[in-house]
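Alright, structures below, take your time with them.
Each of the next two complexes has chain A plus one more chain, namely chain B in the first and chain C in the second.
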Partner chain A sequence: MALDFSIILRFQDALLLGLWTTVKLTLVCIVLGCSLGFFIGLARTSRSAILRAASSVYVEFFRGTPVLVQLFWIFFCLPLILGVELSNLTSGVIALTLYMGAITSETFRASLKSIGPEQLDACVALGLPRRVQVTNVILPQAVLRAVPTLLSNCVSLFKESALVSAVGMADLMFVGQNISNNTARPIEVLTVVALIYFVIAFPLTRAVTLVERRVLAKLAI
Partner chain B sequence: MGYSFDFQSVSFGPLWEGLIVTLELTVAANLIGVVLGFPLALLIMSRFAPIRLPAMLFVEFFRCTPAIVQIVWFFYCVPMLFNVFLGSMTMGILALGLNLMAFNAEAYRAAIQAVPREQLDAGIALGLNPLQRTLHIVLPTAVRASIPVLLTNGIGIFQQTALVAIVAVQDLMYQAKTLATETYRPIETFTIVALVYFAVSFPVSQIVGHLERRRQLMMS
Partner chain C sequence: MTMSFSAPLVKIQSLYKSYGPHIQVLKGLDIEMKPGERVVVIGPSGGGKSTLLRVMMGLEKIDSGSISFGGKPYISSEGADRKTEIDSEVRRSIGMVFQHYTLFPHLSVIQNLILAPCKVRGEAKASATKRAQALLERFGLGAKANAYPAQLSGGQKQRVAIARALMLDPKLMLFDEVTSALDPELVAEVEQVILQLAAQDMPMMIVTHDMWFAKNIASRVIFCAGGVVVEDGPPEQVLGAPKEERTREFIDRVFHIRH
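So, the complex of A and B:
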């Protein structure tokens, strides 16, 4: 069978447009998901039992079910329950943000836990109010320590974003599959799509290792 | 809210059949991943670049591309490239198994690197050859140390099995999609299916948490 990779050049623009959707979706959900994850992480270590229970149920549920099922649920069920139409972009953003929130909350929780109790004792000794404790002592350290794992969470999100193609959002995977179906050249098109994902995700995973060494060295932990 | 719930219209027969298929996929993929992941880890750590580099490329490729892309690629391209036509179940197992193999190889590698140097020195002192050292010292220690990660990866692949629904393997997710369209009851169907996935994953992740805590206690 003759392979003809020049076919990719003909559909270059469509693929780039799909990639742009994937990247946009990923970036939006990284920002929203990390913010959500930080508060959920705090809620899971909160003194209020209700907050703790509610946030645990949320995190365990999203970590315990396939993202595809979550996506279908939000895509098909949420509009029925809310009684409003959701565009597939909105449902995609909601689903991936909730997923990202759940996995990053675990990252933040672990990094919050790694801050020793002596730090809090020092805050108390210095008479710092609770708000200053959180914003000036705990937050900066927790965020720094979370950076490597957050980065790998971002890579996971980037990969999971390909699932939105299953609900008809025109991301890189969706465009790729469409082209491959219409031209009957799955080998060329799907291989290139996989390579594009790889070319973005692989350097990011290397960056995780690099940052890990740097951050760990800097914090001397 | 104008929606009246009707859980009666969800027929459990197809969902049950789907769950069986999902579990079969999970078990088979895990067998491939757990067994072949170890030799793959040894290849990644080989001193010979011609062995190490292809193995690393294999692992990184599976870790750095979306699982859905891998599965679609596998289902479309493998039959065309190699002129083999396997059943969709076999294809699903192979695609998921190869993916898990790559992730487990990384888990094994971390565990192998954590085997204390002294143990290997002791093996040399006892006159064990490299194969014996690998089989009797590295393998048992590394496998035990990697159990929590292997379990986590195992549930991960259980969740990823939902992706084969896209290429028409009749797993739990596929049955759910069919049922939701046939009965016009997406909320009930997808909620039940989400709960089923959760009911399988959650206990396993609790066990992993328990194992990890016990390990930390033993280390300290």
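So, the complex of A and C:
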């Protein structure tokens, strides 16, 4: 069979609109998910056993189940339990945020743990108050150390976001699938969709290496 | 701080410290240090030297005993609950430098120096920077102000760590094996800086394995082993002609290894 990629040009506006939805959804969930993940990461290193236990259950549950199942559960089951209708956008944001929160909390936890006790000794010897120890010494180092993994987490989220097409949200994947069904040209359409995902994800994965080489190597942290 | 000649700067009284139920590190330590003294603490590993400095800095809890500075008790554990009480106001008069530099890796050299003065004492950034720059010049690090710790040699890092502690105008400096992690050719530059401070009568307590340095800087040497003070006297005595058998064995062994 002859491949005809020119068909894509007819649908480029629809595809771009779908991409825009994917990007917006990803960005919103990165911000919400990283913030959630940061606090969950703190909770997991907390002195309170209750906080530690509750946050561990959350993280392990969301890391141990497929994102698609989480998304379906939030879209179909949560409305039944809460008695409110959730739009596919709301379900998508909740599901991806919870997923991002779970994976980034592990990143933050690991980076907090990697700061040696001698840094705290130095803080005490300099008489730094607890607040300054946290905001000026511990947090900046934890965040810097977390950056490469966080970027990888963002790439994962960007790719996983294609799942929201399964609950009917008009993201890039959803639009691509529709076009492919209506034109009976799955090879051309889905190949281009894959390429669009790749063109955005690839520079981000390269950025991870760049941050590691340039910034973290300079600071040796 | 004004005090009469004979009043001790530091007074450590029956200090006990253990790690867990079985490891007793300090077993009733008593030390008095006069103003202007440079005390070098030597002794075998595990003898409690580093723990002593860490306790004095308030980095470790104690089981019992007390430490005063300038006549004011600032660390004690006397009550029924055996909780270590630390007066952080008094503790601020003491500076400490560690074996492993402990610079903040995400801050430049100058930022490392001005963090505490700005955040603890509320000093203006401009004035702290000016003082920091002068201090760095004095230690031969003027060109390194904007470098990050990872870009410095071990000796440079340790000199920055000393400068950082001095930014708070300490009345006593504690040096915990500050040259032990350095390559041999870098040891001298750090020791020079400490000798410079000694020439300005900075009171200091130094834990070191470097006997040459101990001999050169000490106004008094304490030999610590098994968590107690075994011998305490002028360097000529403790290092040259020790009275105690255990001190003599240790000194013989150390010098035998070195020469």
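Following the convention adopted for this analysis, the second predicted complex is superposed on the first by the 220 of 221 C-alpha atoms of A that agree within 3 Å, B and C clash if a C-alpha of one lies under 4 Å from a C-alpha of the other, contacts with A are read in each partner's own complex, and residues count from 1 in each chain.
The rule we apply is simple: contacts are C-beta pairs under 8 Å (C-beta built on N, C-alpha and C of every residue); 3 or more make two chains touch, one makes a residue touch a chain.
Keep in mind the model is a prediction, meaning the values are calculated, not measured.
Trainee: Examine A:Q12 and indicate which partner it touches, taking first as chain B and second as chain C; both and neither are also allowed.
Mentor: Neither partner.
Trainee: In the overlaid three-chain picture, which partner chain does A:A122 touch, first (chain B) or second (chain C), both, or neither?
Mentor: Once the two structures are laid over each other on A, A:A122 reaches chain C alone.
Trainee: For A:K218, select first, second, both or neither according to whether it touches chain B, chain C, the two together, or no partner.
Mentor: Only chain C is touched by A:K218; chain B is not.
Trainee: Contact-wise, after the overlay, does A:S165 reach chain B, chain C, both or neither (first, second, both, neither)?
Mentor: First partner only.
Trainee: Report the partner of chain A that touches more of its residues: chain B or chain C.
Mentor: Higher number of touched chain A residues: B.
Trainee: First (chain B), second (chain C), both or neither: which does A:V137 touch?
Mentor: second
Trainee: Touching chain B and also chain C: which chain A residues?
Mentor: After superposing on chain A, no chain A residue contacts both chain B and chain C.
Trainee: Please give the residue numbers of chain A that touch chain C in the complex, ascending.
Mentor: 118-119, 121-122, 124-129, 132, 136-137, 140-141, 144, 217-221
Trainee: Along chain B, where are the residues that touch chain A in the complex?
Mentor: 1-3, 60-61, 63-70, 72-73, 76-77, 80-81, 159-163, 165-166, 173, 176-177, 180, 186-187, 190-191, 193-194, 197-198, 201-202, 205
Trainee: Residues of chain A touching chain B in their complex?
Mentor: By the definition above, chain A touches chain B via 1, 60-61, 63-70, 72-73, 76-77, 80-81, 83, 155, 159-163, 165-166, 173, 176-177, 180, 186-187, 190-191, 193-194, 197-198, 201-202, 205.
Trainee: Applying the document's contact rule, which stretches of chain C touch chain A when the two form their complex?
Mentor: Touching chain A from chain C are residues 54, 57-59, 88, 91-92, 95-96, 98, 100, 102-106, 115-116, 119-120, 148-151, 164-165, 168.
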